[in-house]
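Look for chain A in each of the two complexes below; its partner is chain B in the first and chain C in the second.
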Partner chain A sequence: MAKHGIMVIDDEKIVGDMAKLSLEQDGYEVETFLNGESALERLKTKRFDVVVTDLKMKGVDGLEVLRTVKKLYPTTVVIMITAFANLDVAIEALRDDVHDFFPKPVKIKELKASIKRALGTAAK
Partner chain B sequence: MKIVNKIYLSNGVHILLIVLIGIFALHNLNTILTKFRFIVIAEGLNTAFLEMRLAEKNYFLSGDDEALVSIKIRIDQTTETLRQVQQPIILAVGNDKYWKLRYYLDEYAQLVDAIDRAHIRDPGAQKELRQVGQNLKTFSEDITDLESEQIGAIIVHSKNILLYSFWAVVLFALIFSNVIVRNIGNSLSKVVGLTRSISQGNFHTIEAKPSGDEMGAVFSAVNTMAEELQKREKEIVQSKKLASIGVLVAGVAHELNNPLNNISMIAQTYAEVYDSLSREDRISFMERVDEETERLRVIINNLLDYAKPKEQHLSRMAANPVIQKTLALVQNMLDISNIKIKLGLARDLPDIYIDVHQIQQILVNMATNAIQAMDKGGVLSIDTRFVPEEDTVEIVISDNGKGIAPEFIDHIFDPFFTTKEESGTGLGLWVSYGIIKNHQGNIRVKSEVGVGTTFIISLPTCNKLGIA
Partner chain C sequence: MAGSLLQWFKGIVGREHGAAPDLAERFRAFQAVVEGNNRTLEAMTEMGEKLGGDYLFDVNYTRRAYAELFAAISDSLSHFDQLTEHRYPQLGETLARIDSLVQRMLTSDEAVSSRLVVFYPEITWDLAEEVGGKNYHLAELANSLQIRVPEAFAITTAAFSAFLRHNGLEERLAGLAAADDAALAGLRAAILAGGFPEEFTAALAAALATIRPRLGEEAALAVRSSAEEEDGDFSFAGQFETVLNVPCTTEAVQHAYREVVASLFQASAISYQRQLGFNPGKLKMAAGCVAMINAKCSGVIYTAAAGKDRSRMAISAAWGLGKGVVDGLTDADLYTVAKGEELQVVEQRTGGKEKMVVNRGGQGIETVETPAEQRVLACLSQAEVLELARQAAAIEEHFKAPQDIEWAMDNSGRCYLLQTRALRMDEPTEEAPALEQAAVAGDYPVLLRDQGVVVQRGTTAGKVFILRQLDELEKIPKGGVLVARHDSPHFVRAIPFLNAIITDVGVPTSHMASICREFNIPTVVNTGQATTVLRHGQEITLRAGEGSEFAVYEGIVQHLLREERQGAARLRELYEFRRQKYIMRHIAPLNLVNPLEQEFSPEKCQTVHDLVRFMHEKAVQALVEFAERQGRGLARLFGGRTPLHRLNLPIPVQLLLIDLGGGLQDGAGGKKVDVEQVGSLPLRAVLAGMLFPGVWQNEGLALSGGDLMSAMTRATDLTGGGQELAGTNVALAGREYVNMSLRFGYHFNMLDCYCSDKPRNNHIYFRFVGGAASITNRSRRITLMAQVLAEYGFALKAKGDLLVGRLSGLDRREIETILDQMGRLIGYTRQLDALLDSDEMVNTLAGRFQAGDYRFDP
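On to the complex of A and B.
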């Protein structure tokens, strides 16, 4: 069985590093990016099953990543994380078909459960 | 005193003056009339006395006995006339002269009686009668002349008094209306000055003794309005502060959440992958935790530094030297970015009352912003000018950089608002704004995308602040 590919985008390097370590433990293939631009560049050549992205980033932000992903790969699941716990943005993100929304600090177990759930849904 | 009452008083004084003048004129006219009546009577008397004297001559020189009879008839007529017009004559010439005239006439009458009884024509009697007759005639003519003179004098006197009174009334009216106008004018200009200063945001009240007049009422109304406005402004500032605290707190939450999240994720991952980690890996994990806590510490320290109300060390300063000194601080930065500086410092600026370090902090901040907004080869202009209408000194900092988008303009003084890709804390302009407000000054911004940005810092002069 091919490994599920997960893309993690956050301008905080530790977020990517830790998510990668933890998710690879569970058998996912993880690529991390520090900004939206490089992630969008990578998305042109590779489809990921799950994209975990920070909402607030300089330049290309999480919402733009979400829109691009949904345009390129409608079945890819997008999970949003942010340090800016703003409900309005969350609602807008959900309306734009985001799978889940995590305010920082992120509980990795919950994130994993959400990913598992998403992949289960996607597999159907 | 109320202005209305002042005007009533003035009108009252005018009416009183006019009534007094009227009474005076009436009195004089009455006097003249009395004297004139006497003169008319006296002319008759004088004629009678003249006729008596002629008859007297006829008696002595022509031996005409009838003449004596005619004298006696004239004496009786005259005495009767004098008795009848006793009152008007006394009014005109007084008691003494009237009775003296009567006395002279009686003396003459007695003498005529004696001559008639004795039927004598000797020169002694003739001389005596002539003497008494002469006395009578002269006295009567004298008082007539005197009264004529007095009429003339009274007319001249009246004319003068009326003339003086006229000027007095005119002068009083001029002085009084001048005083009232000046009074109202002074008060109005005070009110105008106050409202002008209120519209500039200074809520001073008029410190005038509360006079009981209408202007006093206007003053107290304006003062109340100023106090109310000040209260309202404080409320608005307070609510703005609350709003800005909201923005600040949200910003703080974001700033703190990132390192907190990092620590949390490190801890969670550490526990999860503990068994597969080497000793060096574990140490590296803990070092990263330490780095994140250090990051938190820096953020918190910076915040505290900004939030701490620093004591101001205000002193009287000229604006231009402060700018020159600040330029020395940023010269290196300007050189590296190859940015030219264009100074337009006005001469003879009035002094301002500032904390030099705080103002330098702002200027460095503004210069840094400008440099970051410009490409190499840009021009940073710093101008100073005096604004006499507001009694302020303005420091104008302009760049020809990329400008601020209109949708950001309203937020540039918000805490944590930044348009800089990295390195911006979003606190610089927020802090600058607070400092300028603490200096009772004002900061404005004008910007056009692609053209440049201008910040105008306006600071009150020492004179405006009442600092010697």
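On to the complex of A and C.
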């Protein structure tokens, strides 16, 4: 079976790096992006199973990423992370069909569990 | 009327004691210290957890968390200063030092270090970043391996930043990622024309003045790049400039320095950085100023021949300076040395050596024809080849990877090593890894498997060093596998140099465990049998996975290691992660343990945790002293009441009580008071628990060190004055408040409680740290206490042998019930660490305690 592809977008390198390292250990294929623009560019040519994105970024933010992903690939799952747990935004995002919403720091185990659930492989 | 009496009284006491504030004011400061310390410790354990590798975090989180911690400890410190009348000014300095170290790591864009120049002998492992890889590695050869390297100093990355800042070039760096060739050329031109900040010039001049007399008349330096990661994880070989034969003058070195710095921004170097995933504008460059060796001959050593044969090393040699060999200008002599048990020259080829590079004094260097009679001579004798090989083998061993080493020999035959860096290996590509793995691992006997707890995962190999005595710690070779009966915080200083740790007994929550995780040292504890199964000196490979999944193979399983290296290449990119995590080293470790020891001094405070511990101890002491002084003053003036009392307890504990008002029943007083006379509601509740039948047991515990018991419960003679108050058990008590500091042997309880009819105001803070038994047992005791306290709804944070708990908002009755239980817990757990030899015991005894059964026996 082909590996599941995960896109991670965060304007801080350390977040993408750590996510990549931990998710690759679980057998995912991970690509990281430091801003929304480069991620959208990549999405033109590649579909990912899961997109994990920071909400607040300069330029193209997480909500814009979400909308684009949902337009291009309705079945791709989006998980939102952000520095502050802002409920209003969370609700708006959820209405827009975000699979999960995590305030930073994000417990990696929880992120992994959420991804597993999203991919429907939790019950194996 | 009462007011004026108080005024008058304050005046008297004020005159008597240097305008000291009154007890109530002191007490408020004390409470603020307690509160600040608690917030600090909570923030500390919280941060430790979030930065531990189980969470995705960004630098904003780290900054925020640290800011909270710093605010808390600063708050605590300012009230502490007030309370102790600025008796410990050193603490402020210590905190400032810690803060600057942490800030430096948090502000990755800016090295704040004031050190612009560092001489090689002063380069320690924590300076690797500041002096860059090349300087660091060369200094390490001299400092750790006692290998001869030339006189040298480093110009730090802080100097680099200062130079760029001085010339207004920082903004240009920000846009570097997208810069084209023309922009880079512009930047290089600006650097080559750049001026130097005054302090840079001064530091350089001073360094040159120091080094000049050591080098003699024709002193000259090589000024070379030493970028942060250079020669470390990534080789950057040949990417940056080296300027040879630079006269020892400030002007000449600055000129060369500009060239070296400019080379960081050559188009080829920038594209190389981009390929490696570096952000080019972020890389900082240190420089090395290394004395030129007037080389008779020089060359290069590959400790793995042809970049792949690890059983042999190749040594090349040619007349003159090494540049001839490095740049491939000349047909050098070539020696092949077999490594094995004993080094042996197995092949020797004398090259043509037509050209040589020579030093032209102040005029730089020159390539000349080698005189005919010299060409046919071999540069090195057999003995010299073997000596070089021996040093190279030691270096390879030290850095745990094949090395590419430059050497030079001066006219008197003294050999110097000039540079060492990881040799790029031609690894065979793996075609069928799964199959190969099965075959390879299958060939190696499994010595240990799956019985134990993995603290840090990873695959590594090395020679077993079975540690029987702590003082042998120094003898463990770098890159060894430390095998010990117990885990120990004492291993910490060796950890950065070890390849792995395996213990018979231990817990994944210990201080040692957290350091192992910080340094990514594969570690397995609680194997039960490592010291009996593994042999001293045996070569093993450890592969540690999740949970209890691990295996120790006999021998070096190359395949597994190769696999690990591929993973590690990714780990190394998490430079930011390591950096941020490293902050905890300045915060969490507790070095000050016993207040009765000389070591318990402001000078010994190294971490935030130390500061907290020290401040609490001295804050209590200051209050006791003050109360005593005031008591004496009052007694003399009025024959009146002293606020300081000694409690008569039916258990062997001496406890001082400072009455803050309402701490004793109306009418009670005198030097000694009985439990019944205590008026403080919370203190009464705690004492009721401590004195509950069966809780306070003195028998049956085989505690190592027989005199511990006597030290355990002593309250020092009050007539003795300040010094002897260290470590005293003290209760500061008001009608609705108590703060108790109890030190039993090597552990410390702090309980702070407000217990009134207004639930909103009520709280209990509890802190417990330390113990005399092993860290394993101590953390078991913490687990037990946490289990019990969690039942009452405490918010708890635990790390190693520290437990911090907080509870608030309950009504008075509930608080009193909990305090009673806490009094029992304090009494009950006092020597419990000596007993908790298994995790099952923790559950058993916690269950019994909750059921009101205080027996220890199985």
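Just so it is clear, the second predicted complex is superposed on the first by the 120 of 124 C-alpha atoms of A that agree within 3 Å, B and C clash if a C-alpha of one lies under 4 Å from a C-alpha of the other, contacts with A are read in each partner's own complex, and residues count from 1 in each chain.
Basically, a contact is a pair of C-beta atoms (placed from the backbone, for glycine too) under 8 Å apart; a residue touches a chain by one contact, two chains touch by 3 or more.
Since the structure is predicted, the reported quantities are computational estimates derived from the model, not experimental observations.
Undergrad: Quick check for you: in the superposed arrangement, does A:64 touch first (chain B), second (chain C), both or neither?
TA: neither
Undergrad: Which partner does A:106 contact after superposing on A: first (chain B), second (chain C), both, neither?
TA: In the superposition, A:106 touches chain B and chain C alike.
Undergrad: Is A:56 in contact with chain B, with chain C, with both, or with neither (first, second, both, neither)?
TA: first
Undergrad: Across the two complexes, what residues of chain A are contacted by chain B and by chain C?
TA: Looking at chain A, the two contact sets intersect at 12, 14-15, 18-19, 21, 83, 104-109.
Undergrad: Could you pull out which chain A residues touch chain B in their complex?
TA: 12, 14-15, 18-19, 21-22, 25, 56, 58-59, 83-86, 103-109
Undergrad: Touching chain C in the complex: which residues of chain A?
TA: 10, 12-15, 17-21, 24, 81, 83, 104-109, 111
Undergrad: If we count contacts the way the header does, which residues on chain C are in touch with chain A in the complex?
TA: Interface residues on the chain C side: 50, 53-61, 279, 570-571, 573-574, 576-577, 580.
Undergrad: Flag every residue of chain B that touches chain A in the complex, lowest number first.
TA: 250, 253-254, 257-258, 260-266, 268-269, 272-273, 288, 292, 421-422
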